[in-house]
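Below, each structure is written out as C-alpha cells.
Both complexes shown next keep chain A, but they swap its partner, so chain B is in the first and chain C is in the second.
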Partner chain A sequence: MAQLELFSQTLISGFLLGGLYALIGLGMALIMGVMRIINLAHGDIMMVAMYIAYWLYVLLGIDPYISVFIAAPALFVFGLGAQKYLLTPVMKVDSILPHNQVILTVGMAMVLSNLATVFFTGNYRSVPVSYASSAWYLTDIWKGSPIELSLSLPWTLSFVIAVVITIALWIFLGKTDMGKSIRATAQDLDAARLMGVNVDRMRMVTFGLGCALVACAGCLFIPIYYLYPSLGKQFTNIGFVITVIGGMGSTNGAVIGGLILGIFESMTATYIGMGWAPVGRFAIFVLALVFLPGGIVSIFRWKKARR
Partner chain B sequence: MKKFMPIVVFAVLLAVPLFGLNSYIMHILILVLLWSVIGMAWNILGGYAGQVSFGHAAFFGFGAYTAGILYQHLGISAWWGLPASILVLTALSLVVGYICLRLRGAYFALATLALGEICRVSAENLVDFTRGNLGILIQERTWVEKTWYFYIILLIAAGAYLIIKVFMESKPGFYFIAIREDQDAAESLGINTTLYKTIALCLSGILTGIAGAFYMNYMGYIDPETVFHLYNISIVTVMVVMVGGAATYWGPVIGAVIMVFLAEIIRSLPHIGAAHQTIFGVILILIIMFLPNGIVGDYRKIPGLLGIKRLKKKAQP
Partner chain C sequence: MKVLKLIAASICTIVFCALGAQARSITFGVPLPLTGTNAKFGEIEKKSYEIARDEINARGGIRGMKIVLTFEDSQGKPEISRSIIERLIDVKKQPLVFGEYSSSCSKAIAAVAEERNVPYLVVTGAADDITQQHYKYVFRMNPSNAYYATGFMSFLEHVVKPKTMAILYESSDFGTSGAEDMVNQARRAGIRILIKEQYEKGAVDFKPILSKVKAARPDVIYMVSYVMDAALLMRQIKELRIDAKLFAGGAAGFAIPEFIDNAKDASEYVVTATLWSPQVAYPGSKQFAEKYKRMYQDYPSYHGAEAYSALYIIKNVLTRARTWKPGDIRAAFKTTNMMTAFGPIRFVDRAGYTNQNFMDTLVMQVIRGQHETIWPIKYASAKYIYPIPKWKNRR
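== the complex of A and B ==
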C-alpha cells in the first residue's frame, strides 16, 4: 500500500509540474512554429519574469499570482522589441552560417543571465508567501480513502492557473482573427502572405506572446521554486525537450509533451535519484529524436491519415 | 607571399619561447593556441559542413576526462590521454553522429546542446568514476616551465591546420561545402551526405578531444562545471569562429586571439569584470548583425561600418 501511495503521489506531483512545463513549452512551440527558430533565451526570459515577480513582492507586497498581470505584458513588449530590432534585421543579413537567429538568441540569453547576476547577485532567493507550505489532503475530502495523498496548495493553484491560461491561448489561436493569422503563418508562410496576412507583424506578436507565456510560467513557479540568475538555461532545456517530444511547433503537442516530461521527471527523481532527473529529461529527448522525430503529434496525424 | 604565411607564422611562434617572455604571457599564448585548435575543429563541422553545434563542450570534456581518468584510475601519465582521446572521441562521434546527424539545421544544434548537458550531468553524478564535482587533480605537474606545453600545443595546432588544409583542398572538403550549401542537391549528385557529415563530425570531435586532453595536462585540474560548461566552452567556441570568420583557414586563429585577449582584458577590469558574459553576448549579437561572416570573411565591410567611405566607390558613377 505504501508503494502505491508513493507511486500515486509521484504521479500527481508530476502531473502538476507537467502543467507548468506545458506553459513553458507552449511559448517555445509557438515561436518555433511561426519563425522556425529555437529561442534559446526562453528560460532566461522566464528568469527575468521571476525577478519582476520577486521584486514586486518584496518591495510592494504584490502577490506573485497577481504579478502575472504585470510581468506578462512587460515581457510581451520586450518580445515585440527583440523581434523588431534584433531578430528581423538578422533575417535579412546574408551569411555563411544558416542559424544566425538561433545564435543571436544565445547572445540574448548570455546578456540577460549575466546582467541578473551583476544586479541581483548570484544568491538563491525565494518568495516567502504565507501559503507556501500549506497543503490539502485526500482524506479531507474522501474520509474512507485507502491511501493518503497530500498536495501542496501553491502547486495546485499554479496548475489551475496554468490550465486557465492554456485554455485562453487555445481560444485565442482558434477563434480570433489574429490567432488564425498566426496559425496560417505557421502553416505556410507564402500562402499566408498571399492571403494578406502581415507576416512580419505576426512574427512580432508571436515572439511577444511566447515571451508573455513563459513570463506567466515564471510567475507561477515563483511560489514553489527558488530563484537564481542562471536558472534560465535549465528551463530553456526543458522548453526544447518538450517541443521535441510534442512535435516541432505544435501547441497541442507541447501540452502533452509538458505533461509527459513532468511525470517522467517526477518518476526519475523519486525512483532513481534527484540528481539524475536532468539525465532522464535528456534521455527521453534523445529517444524521441531517434524513434519519434515528428513528436507525439505525428502519431495522431498518422492515425488520421490511416482512417 | 600568402602561400608562405602559415610557415612564417609557425616559425615566429617556434621562436617565441626563446625571447624569455614571462609565464603570464606564455599562458595567454597557450590559451590562444588551445582555442585556435578548438575553433578550427568546430569550423570543420560548423563552418565547412554547415552543421552548427552548440555542444562542443561534450567533445572537449570527453577528451579532458579521458586523460584525467587514465591518470586517476590506471595511474599512468595523463599525457596518454592525447592518443587515447583519439579512440574515445571517434567512438563518441560515431554514436553522436548516428543519433544527431539525422537531424537538420537548428534541430541538430539543439541535439548537440542537449548532448553537452547530458555529459555534464552524467559527469556530476557518476561520482565513482569521475569523482563528481570534486573534479580530478593531477598531483605532479610534468613541467613547471610553460615552454614545453607551448611547443606541444603549437604542434597540435599546426597539425590541425595541416589536416584541415589537406582535407579542404581534396574531394571531401568540396563535399562538405556542397552539403552546407544545399543538402538535398548534394544528395542528388550522389554524395553520401550522412557519411561525409559523420567524417566531419569525427574529425571535429577528435581534434576538440585532443585539445581537451591537453587542457587536462596543462591545467592539472578539471571538474564537470569547467570542461562541460555551456557558455564558457560551447558558446565561446562558436564565438571564436563567428568573430574570426566561419569557413576560413585563419578565422578561428584570429577569433581565438581576439577572444582570449578580450577575456583577459575584461576580467582584469575592476568593476566590469563580473559582466564579461554580458559583453561577450553583446559582441556576439553585434557580430551576427554587422559582420555575419566574421572579421576574415567580411573584412571589406569593416571600413564602411566604421564610417570610412572608400574613395573608389565615390569615383565610380
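== the complex of A and C ==
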C-alpha cells in the first residue's frame, strides 16, 4: 500500500511538473517551427517575466496569476521588437556561420541576465503568497482512504492555467486565419509566400507569441518557485530537451514531450535518486536524437502514413 | 636659511608627534579576504573588528594604548596571507598575530607563526587539522568542523532520542561534506540512516524524493541546503504532510531570517545547528548584534561575532601577559578563561587537539516565526517545543 501511495504521489507530481514544462517547451517549439532556429534566450525571457510578476506583487500587491495578463502582452511586444529590429536584420547578413540568429539569441540571453543582475542584484527572491503551501488531501475528502495523497493548490492552479493556455493556442493555430498563416509558414516558407502570406509579419507574431507563452510559464512558476537573474539557462535547457523529444518545431509534440519529461524526472527522483534527474534528462535527449530524430510526432506521422 | 630651519623644525615636530602617538597606540595588521570570492565574509569580519576596536579604545584601549588596525587584503589566497604575516612578524615586529577567514589561509599562517615562535589566534578557520599538529603557538577560538554539530547531537540525545534519520543534501562540496559529517555523528550515536539522497541545486520539485522519505518514516529529517532550497523543501514537506518527529537543517540556509520569510508557516518548529546567533544569551552578544544592525542594516553572521570577540581575547591576553615577549604571551593565552559575545573561551589540549577552544555549539528553533536559541538550555532564549504537532493539527 505504501508502494502504491509512493507511485501515485510521484505520478501526480510528475504530471503537474510536466504540464508546466510543456508550456515552456511550447513557445520554443513554435519559434523553432516557423523560424527554424533554437531560441536560446527562452529561459531568460521567462526570467524577465518572473521579475515583472515579482515587482507587480511587491509594489502593487498584484497576484502572480493575474500578472499573466500583464507580463504576457508585455513580452509579446518585446518579442515583436526583438524579431523586427534584431533577428530580421541579422538574417540578411552573410556570414560563415549558418545560424547567426541562434548566436544572437545567446547574446540576448547574456544581456538579459546581466542586466537583471545589475538592476536587481544576484539575490534570490520569492513571492511569499499566502497559499504557497496549501494543498488538498485525499483523507480529508475520503475519510476511509487507505493511502494519503496530496494535491498542491498552487501547482494545480498553475497546471490548469497552463492547460487552458495550451488549448487557446491550439484553437488559435487551428481555427484563425493568422494561425493558419503561421502554420503555413512553418510547413513551407516559399509556398506560403507564393500564397500571399506576409512571412515577415508571421515571423514577428510567432516570436512575440513564443515570448508571451514563456512569460505565462514564468508567472505560473513564481508561486511555486523562486527567482534570480541567472535562472534562465536551466529552463532554456528544459525547453530545448522538450523540443527535441517532441519533434523539432511541433507544438503537439512539445506538449507530449513536456509531460513525458516531467513524469520521467519525477520517476527518476523517486526510484533512482534525485541527483540522477539531470543525467536522465540529457540521456533521453541523446536517445531521442539518435533513435527518434523526428521526435514523438514522427511516430504519429508514420502510423498515419501506413494507414 | 630661515626657511630651512622652519622645515627642520616642522619635521622634528612631526617625528615627535608620530613617536608620541606610537607610544600611546599599538598597531595590528589583520589579514582578511577583502576581494575575491570570500570578500563578503572578509567584509563582515572587518566591520566587526572595527566595532570591537572602537569599543575597546573608548574604554582606554589595551594598557592605556589605543588599538590601530590595518587590514591587509589576502584575496583569500594562502600564499598572500603567508607573506603578509611574514612582514608583520619580521618587519613590524608584531608581538602576536590573528585573523584570516578560510581554513587554508589560517593553515598557512599557523605554519609561519609556529616557525617564528609568535602566538597566532585562529578566528574562523574550521578545518580540524589546524590545531592537530601539536603547534605550541597556535590557538583557535572557534570549534573545529568535527564539533560543529555537537550541540545538535546532544539535543537529539537528550530530547528527541531518534532511532532513524533521513538525510537530504545538495550535490555540492558543502552539501556532501555536511551530509558525510552527519552520517558519522549519527553512526556514533546509534542512529540508523534510512535514506541519504542528494539533489541538484535549483530543483523545482522535491515531492518525489520527499514521498520516498515519507514512505520510509524516519524519526528525523536532516537537510543540508542553501536558503531557497531549504524553503522549498519545508513548503513541500508541509504539502505532503510528512510527520517526522523533528525537521532539522544543517546551518547555512536554515539559520538565516530569509528562510522564515520564504517558507512562512512551513518553517515553524524547524531546528538548525549553528555556532552563534544574534539572540543567544551570552553577555554582550545581543548588544553587538544590535549595534552591527544599526550600523549596517543587517545582522552579522557568526563570523562577525568571532571577529568581534577575537579582539577582546587579544585585549584580555595582552593585559594579563607579564611582558610582551612571545613566551609570556603564550603563557597568558594558555591561562585564558573568559566569556565573550561568541561564548566562553578556554584553550585546552584534548582529543588530539592542542590549544583548542571547545564550546557548546547552539541549536535554534523557529518559534512563532522567530529563530530562538533553544539548546544548550543555559544559553537558551526560549524553551524548545517538542514534540512538534502533526501537520494536520496545526492551525
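Just so we're on the same page, the second predicted complex is superposed on the first by the 300 of 307 C-alpha atoms of A that agree within 3 Å, B and C clash if a C-alpha of one lies under 4 Å from a C-alpha of the other, contacts with A are read in each partner's own complex, and residues count from 1 in each chain.
FYI, a contact is a pair of C-beta atoms (placed from the backbone, for glycine too) under 8 Å apart; a residue touches a chain by one contact, two chains touch by 3 or more.
Because the structure is predicted, anything quoted here is derived from the model rather than measured.
In the overlay built on the shared chain, the residue A:225 is in contact with chain C alone; chain B does not reach it. When the two structures are aligned on the shared chain, A:17 is found in touch with chain C, with no touch to chain B.
Touch criterion met: A:114 reaches chain B, while chain C stays clear of it.
Of the two partner chains placed around the shared chain by superposition, chain B is the only one that A:106 touches, whereas chain C remains out of contact. Contact with chain B, but none with chain C, is seen for A:237 once the two complexes are overlaid on the shared chain. Applying the stated contact rule after C-alpha superposition, one finds that A:126 touches chain C and leaves chain B untouched. In the superposed pair of complexes, A:275 makes contact with chain B and with chain C alike. Judged by the document's definition of touching, chain A residues 273, 275, 278 lie at the interface with chain B and also at the interface with chain C. Those residues of chain A whose C-beta lies close enough to touch chain C in the complex are 2-3, 5-6, 9-10, 13-14, 16-17, 124, 126, 128, 130, 132-135, 137, 148, 150, 152, 221, 224-226, 231, 234, 265-267, 269-270, 273-275, 277-278.
Chain contact summary for the complex, chain B toward chain A: residues 46-47, 50, 52, 54, 99-100, 102-103, 105-107, 109-111, 113-114, 117-118, 121-122, 124-125, 180, 230-231, 235, 238, 242, 246-247, 274-278, 280-282, 284-285, 288-289, 292-293, 297.
Per the touch definition, chain A reaches chain B in the complex via residues 36-38, 40, 86, 89-90, 93-100, 102-104, 106-111, 113-115, 117-118, 233, 237, 240-241, 244, 248, 273, 275-276, 278-279, 282-283, 285-286, 289-290, 293.
On chain C, the positions that touch chain A within their shared complex are 171, 197-200, 202-209, 211-212, 214-215, 227-228, 231-232, 235-236, 238-241, 258, 261-262, 264-266.
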